[in-house]
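Okay, got some structures for you below.
Presented sequentially are two complexes of chain A, the first with chain B as partner and the second with chain C.
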Partner chain A sequence: MENTTPGTDATRFAFRDDRSRGARIAWQARIFGAYFVQFLKMRLAYRVDFVIDTLAVLFSLVIQLAVLGVMFSKVRALDGWTYPQVLFIYGFSLVPLGLFNLISVNLYGFADEYLVGGRFDRVLLRPVGSLAQVIFESFNVSGLSEIALGLAIMAGAGLKLGADFGVTDLLALLVLAPGAALVYLGVFLGITTVSFWFEDKMGLAPPVYNLIRFSRYPITIYSLPVRVFLTFVLPFAWVAFYPAAWFVGGERFGKVALLTPLVGVLVFGGAALLWRRGVRNYVSTGS
Partner chain B sequence: MEPLIRVRDLCKDYRLTDRREGVRGGLQDLVRPRRRDLRAVDRVSFDIPPGEMVGYIGANGAGKSTTIKMLTGILTPSSGEVEVGGMVPWRQRQQYTRHIGVVFGQRTQLWWDLAVVESFRLLKKIYEVDDDTYDRQMKLLDDLLDIGKLLSQPVRKLSLGQRMRCDLAAALLHRPRVLFLDEPTIGLDVVAKENIRAFLRGVQEREGVTVILTTHDLGDIEQLCRRVIIIDQGRVHFDGELAELRRRVGQSVRLSVDLRDAAASADLAAVTTGLPVAWDEQAGLRHVARFNRAEVRAADVIRLLVNDRPVQDLHLAEQPIEEVVREIYRQAAAGNAGQPGAGAAQ
Partner chain C sequence: MNAGAAVTAGLAPWRRTRLASLGLYGHFIRLAFLKFLAYRLRYYTGVISYTVFVAGHYYLYLALYAGRAADGLGATVGGLTVREMITYVAVSWIGRSLYFNNISRDLARMVSEGEIAMHLIKPFHLQSVMMAEAVGEAGFRLVMFTVPIMLVVAPVFHVGAPAGAAALLWTLVSFTLSLVIYSQMGFLVGCLAFAMKNIQGVLRAQMVGMDFLTGVIVPFTFFPAWFQAAVNWLPFQCISYVPVMIYLGKRTGPALVSGILLQVAWAVGLTVAARLIWRQATRRVTVQGG
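Right, the complex of A and B next:
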């Protein structure tokens, strides 16, 4: 008998984790890159669907923009926030939302498709992280159009504001947007993970998803309890307003913005720990 | 030899919630759910040395799949130990799964919408199979399973038999040391079944892969496994060689007799008086005798018969294993063989 891995005897498997953490991450990144390529190939086979999806997303975004425009045609400012500022916050909010939407499709169907449908068995049989597999097995490409549109709105609003953004601001965007996306991911991952223990018959995700819209306005327009709720309980203030404040928040909120990545790591880290416990608690389907 | 797979006192409990009826029941369920534990696997222990092919059999809901899922790292046991190749499956899942191959007959491990070859390429990346090994394995697997023509098709368009061949190939791409097969021939026609069995025999002989096979189809076991483990209601009722199983169950041989002149079975029983032979209750030309080869020589029975009356034809057959297993269940239910581990070969 010839062994696939050298240096093992007949009854011991070789433990092959001699790679550094970085090498492991790079390896997994290559795998999920390949997942993404496969997904695109598959999607492009259905070009019409692809175009319709993209158009639908753009349409809903245009409607939301129009609402903002109408609102500010009646009032000059919202609790001291000008139209370009609010527009900028809205534009920023689309970037982490797009990042999140790009990779979150499988979280919504997780209970049905993976737990009840039994696809999670297959995930656990592969020598790659289970959460990463679920997240990267499917993508929502319309997230990319949200990101593009968000960047465009930010640029437009920035011009109106007469702000002069530099390299630091670009770097800040590169840190703040993924940080904010982690907050989204953490919140919805937490909700998804609950289905390892309970059947979520009512569906927690859609109502929570609807609360995201409140996060697109400057948080100061809300009463104190709502502010506390959006900052500490369901931390959606961190997906748009706080990070965007780096650019438009001035003295008062500019510094708070930098806490965004930390909040993202905490929320996502907590959800990932819960996920690990959930996997231990996984009961497969019959047969 | 040191076992490759070592299972000790393995248990798995499922927590079930009984639902009450109606709106009121639904509310009660919400406030105070009625829960009970179901023990799906109950103190299962066995050792498997490297290179062995073992049949793990039992009825629906006997605990077969649950055991396999614990052995493959999918489920965490409620208690007990499993070590395969020195690793604990559910604890070292990501390392462990590099060394095993798994096929679930009921469900494909491939990506449903991808062409088969794309699935294989992803698996090549995931298991870090180098180009040389990949090319060699693909060639070998194509020779044996004839999957070359299927590679460009999406998995969802394959027939069950084609899919199973692709699934087997996918499970062996990274040259695993242990192969877990859960109902690999379920739903297949006779020819497809035969192909899969021949393939498995070949792989096992050539590569020395250790195989655990669960199945409903006892033909799989008869053709592939020397050793069987029988499980019922979560417990091991038999663990040993197939031949030993037949011996233990008793009447392991069926002798069909075609007579020239009709007779009652009582007449024939009279002929074999003194020998522990049971005649099926019937009259006419055809009769069936059952006896244990360890106690009675078939030649003796035949000689007595032929000397007594004209016999047209004789046919000697091993008892079908379905009957053997049914007998084991019956004995277990009667409490004769109810102790777990009773009759264990090792």
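Right, the complex of A and C next:
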């Protein structure tokens, strides 16, 4: 292919088939980096919106902390879990949730905007993976606030616990949080992918999304069927409780936490395979 | 101009009798009911959502009361036993399934997309139309949503019966008033879109804050005294806390009367406030494109 267009962007982002696999991945990463920068520029044009969005995140956080605080003003421990422990799990839960929220906006409107609206044709014409394009075409910057606030709450709860976190714990966080975010991404990608085959008239995502808020509590408070359901069927126990147990779960759950990345890869991998089949099944609406 | 007005005087839809007005807005009630009936499939999964909400809080409160028992603390928290607490949670969510609507979001969308211009030139008051539609939606919700949720939730979580026949009746009256208060508050929030370019953040805050401030998630008696004093002055408690307490028989006699009167006062007050603000806001509307 000849590419005579001048300018750095044109050469930097030009598609070349002769690249090695590594160079191709780096090239794709550069493209998605550029997507993000572009999106930030767009968002920064409306700075007030960003401030308001952040305030909304902060507001929801204050409320949830108030609920936790009030609960623990009436009881010393929930099924043996103390306030700082539950607080820590809550703080942890915000990090993968923030990571997921950052990139998940397009999944919700996918059926309407991409499949019915015809934007998916454009995606398929480009020489970059279709799933990555859809995910990285829009961001929700308030996810960043959630991550920051989550880390702050974890630090605060850690201090209250008098926990002695070291480098291993930091490394664990760097593996566990993205692993948990993959679980979110896999579950909601799976739901989104269904729309390749049939129109989702029922709205499958909202009830699943509503379940998230209860995944932040120690799952031992739930009955056995609910625990089994959250561990194996709709694996939301892996988005907060199990990974956070590495830090506060002690003997009983500390080791289970390490399975989180594996669960994340499995759930996301399954959803990605489904996506691939869906793309093959895709017929344009022509609009 | 005068000649034109004379010709159309016979058709002038803004000059109508009270009965005709009633018919007009009644028509919107019916239309809203039918519109939501077309989307009824979405409410099947909604039943699951509400069951999840009740279930989550059910386990949470069971653990809380069990934790207190283990520490030898009292069996009531904020004046509620564990059975009453479960009933509180269930009735709160069942009520919410009835009065909930998206007036704020719908109005905000109309304003920011410019569709509002088309409504302003029509011979009706949008506030009344949206209230009528909220009634139609609530009618649909009652039959297709609230009753199914009740049928699932009540046996599964052993929800307690109402304190008596009168309490049940007054709970229904009270939740009907909740619908008016909730809708008018939504209308007021939606009016903010006239002043702000983007009210997504406000809508998010409303969505998150509402269930907390209305008492759906935690009853106010759990909170410190200063917080309870503060919510007494706000309209939110009239949306959920008041009707649920009536159901539980915690508001009887004079407290019942004052609760209902307070609801009526807020319903009227917010409707009037919304009408005044609407009048101000629509004086200068800038529609870009549309």
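Methods note: the second predicted complex is superposed on the first by the 265 of 287 C-alpha atoms of A that agree within 3 Å, B and C clash if a C-alpha of one lies under 4 Å from a C-alpha of the other, contacts with A are read in each partner's own complex, and residues count from 1 in each chain.
FYI, a contact is a pair of C-beta atoms (placed from the backbone, for glycine too) under 8 Å apart; a residue touches a chain by one contact, two chains touch by 3 or more.
Just so it is clear, the structure is predicted and the values come from calculations on it, not from any experiment.
In the superposed model, A:R126 lies in contact with chain B only, and not with chain C. In the superposition on chain A, A:L44 makes contact with neither chain B nor chain C. When the shared chain is aligned, chain C comes close enough to touch A:D79, but chain B does not.
Using the contact criterion defined above for the overlaid structures, shared-chain residue A:S223 touches chain C, although it does not reach chain B. Contacts of A:A23 after superposition: neither chain B nor chain C is touched. Overlap of the chain B and chain C interfaces on chain A: none, as no residue is touched by both. Residues 1-4, 10-17, 27, 30-31, 34-35, 38, 41-42, 118, 121-122, 124-129, 280-284, 286-287 of chain A are the ones that touch chain B when the two sit in their complex. Those residues of chain C that touch chain A in the shared complex are 41-42, 44-46, 48-49, 52-53, 55-56, 59-60, 62-64, 66-68, 71, 73, 77-78, 197-198, 200-202, 204-205, 208-209, 212, 217-218, 222-223.
Per the touch definition, chain B reaches chain A in the complex via residues 1-4, 14, 50-51, 61, 65-66, 69, 72-76, 84-87, 90, 92-100, 102, 104, 106-107, 109, 111, 113-114, 118, 121-122, 125-128, 133, 174-177, 207-208. Touching chain C in their complex are the following residues of chain A: 46, 48-49, 52-53, 55-56, 59-60, 63, 66-67, 70-71, 73-79, 201-204, 206-207, 210-211, 213-214, 217, 221-223, 226.
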